Amino acid sequence: STIDVAWARRFIALATADVLAHRVELSELDREIGDGDHGENLARGFTAADAAVQASEATTVGGILKLVATTLMSTVGGAAGPLYGTAFLRAAKVSDVADVDAAGVHALLEAALGGIVARGKANVGDKTMVDAWTPAVAAASEVAAAGGSAADALAAAARAAGEGAEATIPLVALKGRASYLGERSAGHKDPGAASTALLLDAAARAAAES
Amino acid sequence: STIDVAWARRFIALATADVLAHRVELSELDREIGDGDHGENLARGFTAADAAVQASEATTVGGILKLVATTLMSTVGGAAGPLYGTAFLRAAKVSDVADVDAAGVHALLEAALGGIVARGKANVGDKTMVDAWTPAVAAASEVAAAGGSAADALAAAARAAGEGAEATIPLVALKGRASYLGERSAGHKDPGAASTALLLDAAARAAAES
Amino acid sequence: MKKLINDPQDVTSEAVAGFVAAHSDIVTQLDGLVVARVGGAVQGKVGVISGGGSGHEPLHAGFVGVGMLDAAVPGAMFTSPTPDPILEATRAADGGAGVLHIVKNYTGDVLNFETAAELADAEDIEVATIIVNDDVAVEDSLYTAGRRGVAGTVLVEKIAGAAAERGDSLAGVLSIAERVNANVRSMGVALTACTVPHAGKPSFELGEDEIEIGIGIHGEPGRHRIPIASANEITDMLLDPVVEDLGLAAGEKVLLLVNGMGGTPASELSIVYLHARQRLEAMGAEVARSLVGNYVTSLEMQGASVTVLRLDDELTELYDAPVRTAALRWGL
Amino acid sequence: MKKLINDPQDVTSEAVAGFVAAHSDIVTQLDGLVVARVGGAVQGKVGVISGGGSGHEPLHAGFVGVGMLDAAVPGAMFTSPTPDPILEATRAADGGAGVLHIVKNYTGDVLNFETAAELADAEDIEVATIIVNDDVAVEDSLYTAGRRGVAGTVLVEKIAGAAAERGDSLAGVLSIAERVNANVRSMGVALTACTVPHAGKPSFELGEDEIEIGIGIHGEPGRHRIPIASANEITDMLLDPVVEDLGLAAGEKVLLLVNGMGGTPASELSIVYLHARQRLEAMGAEVARSLVGNYVTSLEMQGASVTVLRLDDELTELYDAPVRTAALRWGL
């Protein structure tokens, strides 16, 4: 009950398809409280990442994730590019192995969150993607402690990320572009939190398949 | 049955009121096939002309008309400014007398039309103010030949100018801004012809009162 | 209508006052809204003035300064100025060698400048007049008002201004201006209309997916209306008649001016420029000089015009000559 | 959405190519859409670069040239560029004396320039960074993303560029840039929203009679929405917080920049300028320098921003120093 490089490849394929399918929706969320490019930015990045992954011969989970990291870093731009780039880079570092179990999933997600916080310095409740990653890490930790599988850990993380994203709706943004709106940012879902939920859902589905 | 300086003063007062009352309508006609400023241009000009006439101590018809001419020339701008300015100037030259009879009205209108054609070089049917002035001159000429009064001559001229203005509707413009529209200028009344009808109507009403 | 204005009647006077205050090192304001070079007429130099309705900024006041115009006469919004301020500008520009009037070919402008020239003549100021008529959207015929003067005007002003600065006689400056006018053609497109402040509503209506080809610069509707197309297709529709009317041959050098109508993002002008340039090069023409930006506008209208000027060595040299105005400046 | 574009995905690359072709005497294009000075890095001179999302033209590429930037990095529309082209621009600007990164304070720009600086450091190019944050519409706090960088950026670029051209060290150029940033404040208003090409609809919706006060330059909505008011009233709403935040005192000299958001007629900018200037003078400030026009835009947005820079003799001298770029040019 571990995940491997095949999972990583499948994860990116599904994530890319999901980003493309929700491109307009993500930009629409960003249009409401940001500058309306989040879907476009991720579509550009994941299309490139997917192509890179397909061309790659990496044999470890981390190998794939690192490739995704550098590709996102050099194609997404905006705030999400460096944040997701650093997240994947840190996750890659702790997963340069063939197989990852539930504890490994937790470590991987925790490293990703650590990278995002290191770069963006957002706190929980600032209405950013951190509000989706934080409960995801906690959920994976619980599954790992309870002896669940990697797939279980990802499923729990994805669920928690989705709830975390929903929970950003009433918040007033303190970081990122939405913060310029002050009180008017309340009542809208944070686009980065929404894309985080989307990505973790793809990761969980890829794991469930394997 | 002549008209005099009192008529001239009353004419300008009525004309000014009419221009102000039809300001939007004239600009609207100009918006359809020109640049939408004809009402504004004449409003500016006649407001100034009216003030000048009220302050003036001129004792002849021509004295008043000359003052109107120079004021319009220096306040209206656009095509209508020099055209109406020259029209009033030429009319003033042939009416520098205390009393004007029907023949005098004909001479005055003919001089005005001559000035417009001298400056603008439009032919009948080019869809300009010439299409209102030309039948007005002819109508005044008929009344004068038939021995009518100055007031009769102006009434006939005003009626003919109104018909002339209506008759510009189907025409394709060959002069002025409307000509840039080519065939698309057909179906709209020429604003300058419309304002000519308005002015001559004020002249006729002023004469009927006296 | 949403505009950054106070009383609509004060738009022109406030705009001119603000413009002059912002550029007080270059221009000064005379009676009747006339904008003139600081320092007054240059003795012995031919004066060059222009003017016309407001709403086309930076034309004309933005081109007053060393190497270009001596004075500009802004009329009411989209309305030619009256003869008095034109005369005032003529006097201000007169350094004893005569004054060139650069007039865009609109009935109102032509007539008002004509009267002003007569008045100047009565004061013994020699005036020559160039009527600019570069707009190929309009049919040119003896029996019509003829082609309009549009964006090519800025090139006539630059090059005639440089000729005057060089010390040419009035006849010489006029002949240079005529050469520019004979070799320049333009055509424009509107994506949206514009709204004259006192009118309060747009000068014409365009559907959500319509554009107007062959527009003028006074908020007049154009020659025909078509569905929106790609920038390259639209550029072709503007460039083709320009090149054809100019009779441009392979091997010729040209100046390519892509002019924004006021509300067009700079990036779109660059896209139009790129395609027009590539098309001209494909025809074998050399794009030796370029100008891209808002030079002759129609308030906030979105759209652009393409202008091609056939260059020869002298026109190129005069175009390159130093200029110091609010809207065009190099070498000084 | 009506725009003079081809494929929305190609807007930035075509616009940059067109821009570079039109100004080939001043700039050249490197990999990754980087726009650099012709002639390459100046040996011994501190390099100065900037960059950010496209859609703000002429910022930044329009300010590449002698006396200002050595290179500019245009990102996708309203999206900060990635580290690779920033690194490319840093290399192109490096004449051995280090490179200043001028970064507008947006999370994306800050993070991407940060990474590029690390990469440059790994190549032994010394990089210093100035984060421009002049927008008083945004609350500045340790616990938020802080104030945005808006129109004041052009003044930082001009003055830091002049300091580099003068031969200042990297620390010196950085300290000049910091002084400009510490003394410049801006605030903007939108009358209409703008439409990013790939989005296809406006970035926000404004009613027929509504305006948005405190907008940024990325099509983000502003701080609050009010009914349209007169130009003078709106100018007061922009100028008052700027002056207050700056703590401007009587007797001080300032530079007044009225910046158009892209779709505003020049006449309206002049009207805003006139009132802002009169207000500043009434407060006892001296408006010693002025800049009015489209410098930091949001595509076709109608609106404007008011920027005040407190001047001292050195900043004035550096501002006045010759500059030769596509969008700002004097003395050369």
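The chains carry the letters A, B, C and D, assigned in the order they are written, with residues numbered from 1 in each.
Just so we're on the same page, a residue touches a chain if its C-beta (ideal position, glycine included) is under 8 Å from a C-beta of that chain, and two chains touch if they have at least 3 such contacts.
For each chain, UniProt lists the protein as follows: C, D = phosphoenolpyruvate--glycerone phosphotransferase.
A quick note: this is a predicted structure, and the numbers were derived from the prediction, not measured.
Ranked by how far their CA centres sit from the centre of chain C, the chains are topped by A.
Centre-to-centre spacing of chain A and chain D amounts to 32 Å, using the average Cα coordinate of each chain. Centre to centre, using the average C-alpha position, chain A and chain B are separated by 76 Å. The geometric centre of chain C is 29 Å away from that of chain D, both derived from CA atoms. Residue positions of chain B touching 2 or more other chains: none. Pairs of chains in mutual contact: A-D, B-C, C-D. Those residues of chain B whose C-beta lies close enough to touch chain C in the complex are 27, 31, 34-37, 40-41, 44, 73-83, 119-120, 174-177, 179-182, 184. Every residue of chain C that touches chain B in the complex is listed here, in rising order: 53, 75-84, 106-108, 111-112, 114-115, 137-139, 143-145, 148, 196, 198-199, 201, 203-204, 216, 218-223. Across the complex, chain C is touched by residues 2-6, 11-12, 14-19, 21-23, 54-55, 57-58, 62, 191-192, 208-209, 211, 228, 230-232, 234, 258, 262-274, 277, 290-292, 294, 297, 299-300, 302-304, 324, 329-332 of chain D.
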